[in-house]
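Note that the chains take the letters A, B, C and D in the order they are written out, and that residue 1 is the start of every chain.
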C-alpha cells in the first residue's frame, strides 16, 4: 500500500495533571472513577473508567476562528453575540475546521540561530523565517510551523509557560510574512503562538488577531516538534484532526507527521 | 506529493451535550467560560474559551487494554491493583497505544443482509463476517471494522444507546473469527462493540474480554462509518490517533479514512 | 445554653450520582481521586480525596435573584448584561444572600387534602395556603415553605422530576398570596417551586418570575420536609446558609430546622 | 422567639476561582453555562445557570473520618479497601457526620501572643491552648477552634497556602491537649489544621492522624474566624452543616456562629 515504509511522528504532548498550560484556561484533570474490582459483573468482568476535566486550549490544540475577536468582531466581521449560545458558537467553532490531511512545512528558526532552544521572549522575525525557508517551498494552503525548540522544555512548566520569563514566537512582522504565504494554518511548540516579552504575561495577542480575526487562519499550539527538528525534517504530510467538539473555541488534537518511505 | 487526490472521510461523531453515550460514563458537557467582551485587552482584543467535562469512553473513542479485567486480571495477567494510581494506569493505558497509520478493512455486515441498519440486538456471526470479507484480504496487523449501519442512528439517542431495545454486534463466535486475523484493533459504529440483547443492558461484555483481556486488541467504538458504507469502501488507510491522556482507560479520537487518489 | 433540648431536622436531600435533578443543569458527580494507599507518606499516612462536578441548582439549593430574568431584566430592573462576567454575576448572585437564621413557617397543603403526597401537576391555590395557615401566624420577613409531600418521592427520580407526569406547586394566584406576606424566601420539596402540568416540562416558570424578578424573594427547592410534615411542625427556626459561591445563580445548601426544647 | 436579638457570624470564606486551596485537591471553578438571553421562554423568561467543579477539601470544609488512614487503617481499625466504592466511602464519609448545632469554644492563640496573625510555621503548643482557654470552660462534645488570625490572609493566596513559608497550627502536643477535652470536632482558619514548617509542604499530617484516625474527631479547615477574634468571642452556638455528599471524604460548609441576644 502507498503508505508502506512511512515514518510517523507523534506531534502531541502527553496530557496529564500538572502539565504546563495557560493559566487562562481550566486546568486539565483526569482521574479514575471506577477501578477494577469496584463493580464486578456476573461473569467475572470488570471495567475501569475515568472523568476528564479540561479546556479547549489545553495540551496540543487547534484554535478555532471563534477564539479571538478584535474591536468586538470576529473573522469576516461577524458579531460574536449573534453566534454565541449556551452550547458554544454556532459558526466559526472548532467543528467548522475540516480535518487537515496535507502538506506541512516546518521552519526551524532555532537552527537558524544555531541553538536547540530559542531564548525566552525572543521575537521571531521575517528574516528568521526567510532564512529557515530557504531550502523549502511554501505553497498556498500548506500548514506552516515555526520551530523554536521549546517542546524540549515541556518538563519545566514554569519556564514553558513563561509568565515571568517570556516565550519566543513570531512578532507582527513575522506574522505578516507567514500570512502572505496564505497558509491553511500556522503553529508551533509554545504555549501561545506569540512573542511574549519577559514579565509581560499574556497581555495582548497580536498574532492571534492577525491570523484568526483578520485572515481566517487557524493556530496550532503546544506542539511536540523536537523530534522533527532533530531529524531536520522540513516538509511532511500533516494529519491535523482536532476533536469535533461542536461550538468550542478550540480543541485538543494529536497531530501526526507522516514521512513517505521514498523520501526517508 | 503522494497524497494528492486522496479523499478523506471523517469517522468521528460530533461531540455535544446530549449526544448518545453509555450511561456508565461521565456525561459530556462543553460550555463557554469567557465570552467575547467579558475581558477586553488594552488593544481591543478579546478571547473566548470553554470548559469541557467528559469521560474517556464518550463519543468516538478507543478502549485501552486497561479498560477491562477478567477474574481480576488485565491483559498479560497483569494485576490491576499494581498498575493503578490516582493518575490512572501506569501501564496498558491509552497512552500505551501508538498512533496507528495503516491499513483498515471495513466489513459491511448490514450489506450482507441487504439493509442499511442491522436490527437492534442482532448478533453478528462468523458467517456474516466471512460473507462481508469475501472480496477483501485481511492481513495481520490491520484494523478491522464491522459495519452495522448504526452510525445512521446517531440522532436517536435512546435507540442508539439501546438500553431497552438492544444493540447489534459481534457475539463470541464472531469475536473469535476476528481474533484469528490477528488485527491491530477492531471496532464499529455502536455504543459498545458487543451484541446486546433487548432489555439486557450492558450486563456483560464478552467481546471486550476476548479482545482487550485475552488478545491485547484495542476496540474503537461509536465510529461514524455510514459514509464509507454508502461508498462501498472496504479498504483504506486509517488514521487512529486518540488523545494521549496519560493513564486513561480510553480516549476520544477523530479517526480519518484516507483513500488514495489512484484507487478511487 | 439556650439551645439545650433543641431538636434538629436535616432538610437537605443527600447528594449522589443519579439523584433526581433538573435536566437543565449539569449532572452531579462525585468520584474519588486518590484512594488510600495511592500515595503513602513517609510516616504511614495516606489521604483520600474526591472531585465534584455539579450545578448551582442541583440537590437542595437556593435560587439567587440573578437566576431568572423577564423581558430582559433582572430584579430591580437591572440589565443582566452589565452584571455578567466570566466569573458570574457581580450583583444579585447567591453570595448576595445573607445566611438566614430566623423564623420559618411550613404550610402543609398535602394535609389540607388529607394525603401524604399531592398529585403530580396539582396546582396549589391561595385557598389551600389559607387553609394550611389557619393556625399559624406568618410575619413579614419569615421564610414560608409549602408542603406537598414530594420529598417522599426522592427515590423515584423520573416521577420526582416530573417531565412527563408533572409536579405539584403554587400557581400564579398562590404566588401572589405568598408574596403579600412579604416573606424573606419561599420554598418547597419539588424540583421546581412551580405547578408543572403533565407533559409540559419546565416550559415556563411564572412563580420564579413573581418571586425572583418582581419581588426579590429567593426560592428554596428540593427540600427534604417530610419529617417535619410527619411531626406536624408548622413553625421553627430555620438555618439557611447556601455555599458562598461568588457570582453563582444558585448554590447547594443543607438547611436545618431547629425546634427549641420548650416547644417540643 | 428564642433567637431574637441573636447575632450571626458567617464563618465561611467566599468561594471563587483563584482562591487559596491546597494543591492536593481539584481546583475550584464556577462558570456560567446559560446567560440571560441564551434561551428565552415563550413568556419572556430566561434563566441563567452555572457549572461548578470543586474538591471536597476546597474552601471552608469539614474533613470526614474517611479522609485519612494510617498504616493502612481508618478510624476504628476499618480497612479502607472494604469501604471504598466508585461512589465513595460506604462508611465514615462526610454523610456520616450529623449536622452539628451546639456549643463551640474558640481559643485565640494569636491573642495569647499579642499579635493579629501568628507567624508562618509557628507550632501552637499545649501551653498556648491552656492560656487561651483560661477564661472559658471546654465541655465534652464541644467543637473547639484554634484562632491563628490566618483568615486575615485569605487575599494572599501564596502566603495563605504556605508551601514555602509554612503555616501555623497545633503540633502533636497541642493535638493531645485538644483530644483530652473529647471534642466533637476541632478546626481553624488555615489550609490545614497542622503546624507546617517552612519549606516542608504538606509532607506529613500528624494532627490529622491523631484526630481523624485515632480519635474519630472531625476537622474543620479554612474557616473565617477573624470577625469572632476581633469581637473577642470565645463561646457561641455553632451551626456546622456540611453538604451531604454521600461517600465523600470531605465537603464544603458555610458554618455560622450564633450569639444569643441576652449574652451580647
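Going forward, a residue touches a chain if its C-beta (ideal position, glycine included) is under 8 Å from a C-beta of that chain, and two chains touch if they have at least 3 such contacts.
Keep in mind that what you see is a predicted model, and the values were worked out from it rather than measured.
Student: In terms of touching chains, how many steps apart are chain B and chain C, taking the shortest path?
Tutor: 1
Student: Answer with same or different: of all residue numbers used at the interface between chain C and chain D, are over half used by both copies?
Tutor: Mostly the same residues form this interface, as more than half of the numbers used are common to both chains.
Student: When the centre of a chain is set as the mean of its C-alpha atoms, what distance in Å lies between chain A and chain C?
Tutor: Roughly 45 Å separates the two chain centres.
Student: As a quick test, compute the distance in whole Å between the mean CA positions of chain A and chain B.
Tutor: Their C-alpha centroids are separated by 25 Å.
Student: Please output the residue numbers of chain D that touch at least 2 other chains, ranges allowed.
Tutor: In chain D, the residues touching two or more other chains are 26, 29, 31-33, 35, 51, 53, 84, 86.
Student: Show me the residue ranges of chain C that touch chain D in the complex, using the header's touch definition.
Tutor: On the chain C side, the touching residues are 1-3, 6, 8, 10, 12-17, 24-26, 30-33, 35-37, 41-57, 59, 66-72, 74, 80-81, 84, 86-89, 95, 99, 101-103, 203-206, 208-209, 237, 239, 241-250, 252-256, 258, 260, 262.
Student: Quick check: in the complex, which residue numbers of chain A touch chain D?
Tutor: 26-27, 29, 33-35, 38-39, 53, 84-86
Student: Can you name the residues of chain C that touch chain A in the complex?
Tutor: Contacts found on chain C: 29, 31-33, 35, 51, 53.
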